[in-house]
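Next up: some structures, all given as structure tokens.
Heads up, the next two complexes both have chain A, just with different partners, chain B and then chain C.
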Partner chain A sequence: MNQAERACQELQAMDELAAKSSLIHRIGAGSKLLVTILYIVTVVSFSKYDIFGLFVMVLYPVIGYQFALIPVRTCFYKLRVVMPLVCAVGLLNPFFDKQIILTIGGVGVSGGVISMLTLMMKGVFCLMASFLLIATTSIESICAVLRRIHCPKILTSLLLLTFRYVSVLLEEVSVMTQAYHLRAPGQKGIHISAWGSFLGQLLLRSMDRATALYESMELRGFHGEFYYAAGEKGARYSWLYALGWAALFALARLVNLPALLGTLFA
Partner chain B sequence: MLQFEHVSFSYRDAPVLQDVSFFVDAGERVGLIGANGAGKSTLMKTALGLLTCDGTITVDGVVVQPKNLPTVRQALGYVLQDSDNQLFMPTVLEDMIFGPINYGVPRAQAEERADAVLQQLGISHLKHRHNHSLSGGEKRLAAIATILTMEPKAMLMDEPSTALDPKNRRRLIHTLNAMHVTKLIASHDLDLVLETCDRVILLSHGQVVADGKAKEILRDKALLEANDLELPFCLTEPPK
Partner chain C sequence: MYGIRIPHKKEGFFMHMADALLAPGVAATMYVVSAAVATVSIVKLRKEEKLQKQPISKRLPVMAVMAALVFAGQMINYTIPGTGSSGHLCGGMMLSALLGPFAGFLSMIVVLAIQCLFFADGGLMALGANIWNMAFYGCFVGYFLIYRPIMHSRLGGTSKGGARVRIIVSSIVGCVLTLQLGAFSVVLETSLSGISDLPFGAFVGLMQPIHLAIGLVEGLITGAVLLFVYEARPELVREANAEKGKYSLKTTVVILAVVAAIIGGGLSLLASGNPDGLEWALFGNEDAGYNANMGLDEENYGKSSGAADAAASIQEKTAFLPDYAFSGDEENPAGTTVSGLVGALMVAVVAGAVCTVGGIYRKKKAK
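Here is the complex of A and B:
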């Protein structure tokens, strides 16, 4: 199996995850989208030195994954390419901000180290929350919600079709790579001399397939609206979910919960 | 039901269809045969308004033109040659209800229709399966199911037996024969055409060269060979 085929299977596995049935899957896409946006805004709003306040925010993804019956490792595995990049943000902070702002067991910790860790945590938490959303909600439902909040049709169609066409492109890459390697045994990768025609062919073939797919959608009445996306099931329960999390995020942002907990046991 | 009057179409300067005229009555089962490049797929695409042609095409009394396309496409179901291009939703059920819901059928009713079609085709077990996990034969039946759920007045099928093994091909023939809807089947599989169609239209270089009873045209060796085709396998004499 080549890399493109593996990538294609991973995309298909995302569809399978989104089609599962769990408490989180059954919540309306609108509520989940709102909670995710609120979560990201709240996480990003923490100050760069507020690492302890930020710790509380791990609750949302951890609880979410438990109730969605998705192992947290699935998220880290799927996001293995992006995670290191997110973690790399702020790596230089310790060199620029050397002021000691915390002492743990007699060891001073600089503001740079704290802000680096905070940035890493923010990035990882936001990715986990975004992954939770797409692993529990179909792309059609997300687009349907975006349309309901008057997101331009062109944007939602673009989002949906990009998601669908990525797998078409990957399938074509996979077939072409396989055909190439069968006639170029022992060769590692695709020779640079073949890249021009390979990319040209790939473009033409994927355009043909994308056109056929779009025509097939058009013939069955698709004009950029997502009437066919699953509707909001259990609306009251979904909005309670959103309100509950919104309240918790506000509490976590306004009250230093770890410090409060600490004083309880002091 | 389906009328082509002096239909012509060219890709740039190369003529693909030249003055094609014929009529398909409601309930008829018509085979569209011809060698590669004869214009079979193009003819179907013009009927669906995917390609703009000269001449007039009428579907159930409605002229094919941009403002009528939703009506035309609701009346005509099109089964593509490659089922992978037809199935774009995650599961078979979602793919089946996609069309009806877009045409205003309530979700519950669309799901009822889907259940009935799945039962009719004997593929109820595929209802919640993910499209990418289906075999070639299952994909073909699922693709047909997505069109039948729309309850079209006529079905256009482009090479329906491509890439099917003998068992699935036989199953497809049974399915096609059990479907009581107007059918226009474009195929190189002349045995399939012989078993599923009463009438055959032979296209060659974009022109209708023969139009008549399937049993007569498909037995006419000279006519078929003159148009780069061969007798159906079941009509050839076994080697001595």
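Here is the complex of A and C:
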């Protein structure tokens, strides 16, 4: 399976997840978007040594995934994309920050190790939250919310159109790549002699296709804006959901909850 | 670097910022500047709409298809001869050469948004920074400072062969420069966020050479694609048939030299041993031979008062840029070790229990 085919399958899988029905799916897209942004801002605002304080933030995605009826492991595949840069930055911290700031069972842990772990946790948590949003919300709902908060219609329309076109072109690239590799077995990528023509041909075809697309859209009454059905406001508990999580995030940020829990039981 | 295969990697190896690498303050600033550029682009497109009497809605499908093409095109691996590794297409430069900088910028925003939302490439909070690092430099700096001056120059002569040379040269120079700027911005944003302990200079030294090689290959690929389009449909490539002589070869070289000097000078200034210029200006640096520049005493600078202490306490609680010390316990920056560990373990147990219960419920529902 080539990259384009894999990407196509990923898009399909996300679409299928967003079409499911659960408590989280029924919540308004605006509330979910707000909670996700608040969550990410809270997570990244933790100090780089505050590993225990940060750990409590795992509960939001974990609980969210259960109520959305999505296994947590589904998002881990996505980590391969976001983690290299995070790891590259984090892995160097132990070499520069060697001050021991924590002792566990007589073994000293340096600040660099703590900050590396915190950074990786932040990366994973933020990804889990973004994935939860997109796995429970369709792109149309997100665009509708963006329009409601006065995001320019050119951007939302462009996002919707591009999203629909991405899968078509991915399929085409996938077929082209497969055909090329069948004719050039054992070759890793596209040979330098075909660098220009391979994508260039698809580009020219796509340009013509775009013109045909516009004409057909115009015939169906398109004048630059997509219209969204009224009443797609989500469940009545949507804002309660947002308020509840916002309060919990604020509490987790201001009070070191794991330490507090620990003092009660240790 | 290219030997490492990561799916969906494009536009440089380390160019997509993750949320974890940015402090909220830096991320918000990047959102604001990127939104400002997007606003300018939309205004310019509306002006073009009035001038050309062609509605933006007519350009939308072309912009969308081109954005989708860049996205799909970045899934193609191009073999680099003699290395056994592969490179990818440089989206920003190609979009601005075919759609123009303003439409190209908006299309790049959409590409980055889809990458971020559906492929976890970059983060939701880091989207503003990614737009700046990849779309702004690629579409505006690459187009106005490199692509257009070179395409208007007499580089390579006035024949059709000259146009081919100009397309290739502008693609390579444009991709190299924009990737260098993007990589530098990644370092700057990460350093300003206080995320990495890696010194700024070392970080720059690590990122820039990697992206020099990547930019060179991406420039060649972009140039090859643009050249093919130019051969088949010359009217699609912007400025390819522009009137020559607006910028002479000498002027073009001078522009490129000035750009290089500005970037080089900027980098060396920022990477110098005096990272905090404000601090230096206020307190001086006796080790470097400068005495107190403004006559201020660093140790006793600022007055202590009840209001100042209260403000400092509020700032500490609400600081968006996380500082280096753990709040409340200066002696032990990781907090209360034992209670913290016990608490974290309890959170893990709760999280595990939630997952188990959820799994059992899903299985029951599936039956």
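Keep this in mind: the second predicted complex is superposed on the first by the 213 of 266 C-alpha atoms of A that agree within 3 Å, B and C clash if a C-alpha of one lies under 4 Å from a C-alpha of the other, contacts with A are read in each partner's own complex, and residues count from 1 in each chain.
The rule is simple: a residue touches a chain if its C-beta (ideal position, glycine included) is under 8 Å from a C-beta of that chain, and two chains touch if they have at least 3 such contacts.
Treat the numbers as computed from the prediction; the structure is a model and nothing was measured.
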item: More chain A residues in contact - chain B or chain C; value: C
item: Partner chain in contact with A:V86 - chain B first, chain C second, else both or neither; value: second
item: Which of chain B and chain C A:G30 touches, first, second, both or neither; value: neither
item: Partner chain(s) touched by A:G221 [first = chain B, second = chain C, both, neither]; value: first
item: Which of chain B and chain C A:I154 touches, first, second, both or neither; value: second
item: Touching partner for A:L213 - first (chain B), second (chain C), both, neither; value: both
item: First, second, both or neither for A:S138, with chain B first and chain C second; value: first
item: Which of chain B and chain C A:A18 touches, first, second, both or neither; value: first
item: Chain B/chain C common contact set on chain A; value: 209, 213, 217, 222-223, 225
item: Chain B - residues contacting chain A, complex; value: 48, 50, 70, 73-74, 78, 80, 82, 84-86, 88-91, 94, 97-99, 101-104, 107, 130, 132, 146, 150
item: Interface residues, chain C side, partner chain A - complex; value: 4, 6-9, 13-14, 16-24, 27, 38-39, 42, 45, 55-58, 60-69, 71-73, 75-79, 81, 84, 86, 89, 98, 106-107, 109-111, 113-114, 116-125, 190, 194-199, 220-221, 224-229, 232-233, 236, 317, 319-320, 322-328, 332-344, 346-348, 350-351, 354-355, 357-359, 361-362, 365
item: Chain B partner contacts - residues on chain A that touch it in the complex; value: 12, 15-16, 18-19, 138, 140, 164, 171, 209, 212-213, 215-223, 225, 227-228, 231
